[in-house]
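Two complexes, one shared chain (chain A), two partners (chain B, chain C).
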Partner chain A sequence: MKFRCEREQLVEALGTAGRAVSSRGGSLPVLAGLRLELAGNQLTVTGSDLDLTISAQIEVAGDADGVAVIPSKLVADVVRAMEPGAVQVTVAEGDAEIAAGRSDFTLRTIPAEEFPQIAGAEGDAVTLDAEQFADALKQVVPAASSDDSRPILTGVLLAAEPAGLRLVATDSYRLAVRDLPGTTVLDEGQQVLVPSRALSELARLLSAGGAVTLRLGEREASFDVDGVVLTTRLIEGDFPNYRGLIPESHPNSLTINRSELLDAVRRVRLLAQESTPVRLSMSPDGLELIAMTQDVGQAHEALDAAYDGDELTVAFNPDYLLNGIDVSAGDEIRLETVDALKPAVLRTVGDDDFLYLLMPVRVS
Partner chain B sequence: MLGRFFSILGSGAVGFSFVTILDRLPLVHRTKREDRDDRDADRPGDGADDCPGAEPCGAVALALQIHEAVPDQPPAQSADEDREECQDPRENWWRGRGHAGRRSRVGSHAQSVRAQRGPADIVSACRHTGEVVDGTTDRTARRSILHVDMDAFYASVELLRRPELRGRPVIVGGSGLRGVVAAASYEARAYGIRSAMPSVRARRLCPHAVFLPGDHAHYGEVSSRVMNIFRSFTHLVEPLSLDEAFLDVSGARRLQGDAVTIANRIRGRVADEEGLPCSVGVATTKFLAKLASQRAKPRPAMTGPVPGVGVMVIRPGTELDFLHPLPVDALWGVGPATHERLTRLGVDTVGDLAALPLDAAIAALGEASGRHLHALANAVDDRAVVPDQQAKSVSHEETFASDIHDPEHLEREAVRQADAVSRRLRKNDKQGRTISLKVRFPDFRTITRSITLDQPTDSGRVIAHEAKRLLASVDTSPGVRLLGVGVAGLGVEGARQLQFGDIDDGETVWDDAERAVDEIRDRFGSGSIGPATLAVGGELRVKRQGDQQWGPDDGPGTDTTQT
Partner chain C sequence: MRLVIARCQVDYDGRLTAHLPMALRLIMVKADGCVAVHADGGAYKPLNWMNAPNRLVEESGRWTVTSPKGEQLVITIAEIISDTGHDLGVDPGLQKDGVEAHLQELLAATPTTIADDLTLVRREFPTDIGPVDLLCRDGDGRAVAIEIKRRGEIDGVEQLTRYLEFLNRDAALRPVRGVFVAQEIKPQAKVLAGQRDIDWVVVDYDELRGMPSNELRLF
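Coming up: the complex of A and B.
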């Protein structure tokens, strides 16, 4: 294998594919490497941890086709350290030679045949607007759990609803639901559970805009963004029935300016230490935020808000609350509550496409 | 619908419910020490050599751990009740200085006590006279610290219930092959029996001794009454374990008389109200007060216990005269390793260390340890008496009568301990985020595994689930000698992040269930209800605090409660 290309291009391809490589070192040593495959002028760089696989394709000046697996971090560091300009890569007899200007590095390669073949997802390709999809991911993915002991909750549910595609995630403390009306990805009633880690990586790729092509298969899902293909194993199992969690009616409703609330919670949170909550005291006069940590101090802040309902104080984990306010769209948001122990709903006023359900903190 | 949700969110839940009997703050125990024990345990032939089959140095079956800021501080006292009281010279033969590992640590502690019987002239002994002491010249500048230590506490409490045993050698502790002595009456000590000694050895030394199983719950009750007596003198009471406490009476002197008067009144009241003997050390620092109280203790003798002075005072201004002749390992924090390093420097006595330039001490012992020990050697110990030390972790552990190989049996034991830990957490209104599992193998190799949750918990269901997961990650094929489950990272219960799984038509199901179980147990006993997993053969085997604290008795089901 032999090719020449611009350093910047190669750095980007190695970096993108390298994000799928597990830093913790899996069971297969070959997975610490990136697989480079040259066919004509097409170079495909692939990294994988078996659950997540990312392939980046770039145009290079190809000289001799071939396949090689090179240690991921090392090759990325070496290429990044080169002088700007053209880089030449030559692989022969188990050595990869990387040369640029007067620099010349030789890296031992890993036998390429050990690299697992990752099948792409089958299924029909559906193309979505990258920006809109990225937006939806940003709202939903943070609500997924990072606790591997509850694998189901580490996934984001993609479900076909009559009105379009729905994304749902929960870590059992909060739940985020986002609808993409008019988007048809799956057959009606069909749903898949995609690991949130894969979707966080996807969100990074989507930041450039353009379009994303989805393929949702039985076991894998693939996302194709501008020459980069991200393939992920799907999580098997049944997602909790989140619909039953959303209260049907809310006696209390607070409407408030989103950025004012965001800033105020950020301030008050400074005094909500040692996992103490932030209290929201709601009355027709408005909203008062209270945080107090024993032996540390307390913070109060009053905010103008329209409140319809009984006077009520509810406490929330400030981080969960902030995240909900942060990812909600629009200028005005509405917090709907039942009582101090039941889930509260956060929505954007005049927009039913996003809902953030949040369990309170019980204060004794 | 929601049921489905539950099963997922609460995955791994066994049929659960819950427990404890806690009572009050248990025993002070230091983690650092434990770590070292673990290392020692890895060395072949060490630790277990003089106590084959016995749990070394006090199988502290459960301990509310209080992590002290001071590095490598010796036990204020752990389960092995007032071990350093044993002053029978015959103990020396097995307690040589040269021992490595745990034994010698205990040994060095005891040596310190022996060495305290130094020049009597600088120590004022006062028995109900209040004749001496307490810096009259500068009483405002100096603190008056009392260290009150119950004499052979568990044994003394048992004698109150069984007066017919008075005058006989009585041993409280585990009577099984792996049991240890928790406390020995002074009559038993005359035979060389001491706390933390393997029960097997104790039996050999004194075959006619009466062995009594420990009743931790009862000792806890008595202890809390005793502590309340202390608190009637000053609110600055820092319990170190069930049977000893520091009292700062500096502020009480004006109203209640000088420190010695207070010390004598305390002894009088504890004797009158509880019928129990105690010894009191009076000094200007905690460290010296503790040394003094040991000197005030009765001494065992074949002809019967020789009464101690009861109250021992180290006068302000005489601290160094008292301290400097002592061997250097009398200092808290001088274990075998440090002792060896100091010996190489030619430091034998506390005075030698005090005379060492601070830099040299730091060079030899490290920054923190060097500074600390150098300060102690100069009688500088400004640690205050801190009432209500907050527990940092809650744990239960158990040494099995025989090693367990069956994974399912081990899981059951993990559930049993999780159940007990969670009950104790709830009783103390605590929740913790870090769940840990401790496993000791037959070769004494000990490992701990832990996991930190994103939310603090006091739920036995959650703790058991995590403990079982940790257990699954450990290769238990060699068999398991001891298993422990603990929760650390404690915070005050009160603010609890609710989960979706908690709601069922507005009820927080598991919380309420576990609390209901607590109430049932309060009324009908801890064996009345428990995790379904623990119901074996028509019996419910739950763990109560203090069960098998000093090692297992032989035979199965010693802590079984009939359902």
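Coming up: the complex of A and C.
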């Protein structure tokens, strides 16, 4: 295999595909490498940890077709360290020579035949608006759990609803639900559970805008974004019945400017250390935020807000509260509560497409 | 510890001058020579005080406390309400809570909290640079070194890395993998652990000791 290309192009392809390579190693040492396949002028760089596979395609000046697997981190570091300009890669007899300017590196390759064949999803292609989908992922993915002991909760549910596509994630402390009206990806009643890690990586790829093409197979999903294909295994199992968790009515409702609340929680959170919560004291006079950490200090901040309901103090995990406020859209948000121990709902005023359900923290 | 409740006026002359008008106050004279004047409010901070070493001269209606630097606290006493002394003995010092030690004890009893297939070999397993909190074996019989912290920061990952380096020199143990366990783990520590092939696990202290968590769950 032999090709030439611009350093920046190769750095980007290696970096993108390298995000699927596990840093922890695993049962297959070959997965610590990136698979480079050259066919004509098309170079495909693939990284995988078997659950997530990312392939990035770039145009290069191809000289001799071939396939090689090169240690992921090392090749990325070497190419990134080269002088800007053209880079030439030549693979022969188990060595990959990477040359640019007066620099010349030789890296041992990993036998390419050991790299597993990873099939992409074969379902029908559906094209989604990348910006809208990225926006939905940004709102929902953070609410998924990172605790591998409950794999179901590490996924984001994609479900067909009568009005369109729904994305749902929960880590059991909070729940994020986002509707994409008019988006038809799944068959009626169909739902799939996509690992949140894959969707986080997808969100990175979508930041450039454009369109994303989705293919759903029985066990995997593929997302094609501007020459990069991300394939992920789907999570098997039943997602919790989240509908029953959303209270039907809330006697208390606080309406407040979103950015003012966001800034205030960020400030007050500085004194919510060692897993202590932030208290929201709500009354017709407005909202007071309180955080206190024993032996450290306390913070108070008063905010103007419209409140309808009984005077109530509810405490929340500051990170979860902040995330909910941060990912909500719009200038004004509404916090709906029942009491200090029941789930609260955060919504954007005038927008029913996103809902963030948040469990309080019990305080004395 | 001498405790005097007295109607008094206090004048301090040192880095600045301060005056407390005549009022009822508590004067504490500690065994080491500290003198502190308290009002009936505030958690711990005296209205005025002089750190040890000091020289206290008591005259009728007037106490003069002088520090080696020449600072002077003059307490003019109009009336003494109470004057008592108590020997408090040697103070055992502030004992910080034993969360980390207790976490180690709890996890040693149930290492499966960290991973399903772990069995304990020994607590405080010795290495040349100090003991690692737990040494376990996994389901395949491989050694697993576990470092436990209350707050998981980069320092803890570095510490475990050093233990692993020494443990992996032992032919009877290697390969030894590491697991970093804490009540909360900072993102930087997670990244560093990932780069070093060290797993990390967040544990709930309250749950481990059977106390209901304040963090309520949706389900």
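Simple rule for what comes next: the second predicted complex is superposed on the first by the 364 of 364 C-alpha atoms of A that agree within 3 Å, B and C clash if a C-alpha of one lies under 4 Å from a C-alpha of the other, contacts with A are read in each partner's own complex, and residues count from 1 in each chain.
Operating definition for what follows: a contact is a pair of C-beta atoms (placed from the backbone, for glycine too) under 8 Å apart; a residue touches a chain by one contact, two chains touch by 3 or more.
Keep in mind it's a predicted model, so treat the numbers as computed, not measured.
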Mind checking the superposed model to see whether chain B and chain C fit together on chain A or clash?
clash
Using the touch definition from the top, say if A:L287 reaches chain B (first), chain C (second), both or neither.
neither
Of the two partner chains, chain B (first) and chain C (second), which one does A:L31 touch, if any: first, second, both, or neither?
neither
Partner chain in contact with A:T170 - chain B first, chain C second, else both or neither:
both
Please tell me which partner, chain B or chain C, touches more residues of chain A.
B
In the overlay, answer first, second, both or neither for which of chain B and chain C A:V265 touches.
neither
With both complexes overlaid on chain A, does A:I152 touch chain B (first), chain C (second), both or neither?
first
Is A:A160 contacted by the first partner chain B, the second partner chain C, both or neither?
neither
Could you tell me if A:N317 is touching chain B, chain C, both of them or neither one (first, second, both, neither)?
both
In chain A, both chain B and chain C touch residues 147, 170, 172-173, 175, 240, 245, 274-275, 277, 317, 341, 343, 359-363
Residue ranges of chain C in contact with chain A within the complex:
151, 183-184, 194-195, 197, 199, 202, 214-219
Chain A partner contacts - residues on chain B that touch it in the complex
1-2, 4-5, 8-9, 11, 453-456, 465-466, 469, 491-503, 506, 508
Within their complex, chain A touches chain C through residues 23-25, 147, 170, 172-175, 240, 245, 274-275, 277, 317, 341, 343, 357, 359-363
Partner chain B, residues of chain A touching it in the complex
146-147, 149-150, 152-153, 170-173, 175, 237-238, 240-241, 244-245, 274-277, 294, 315, 317, 339, 341-343, 359-364
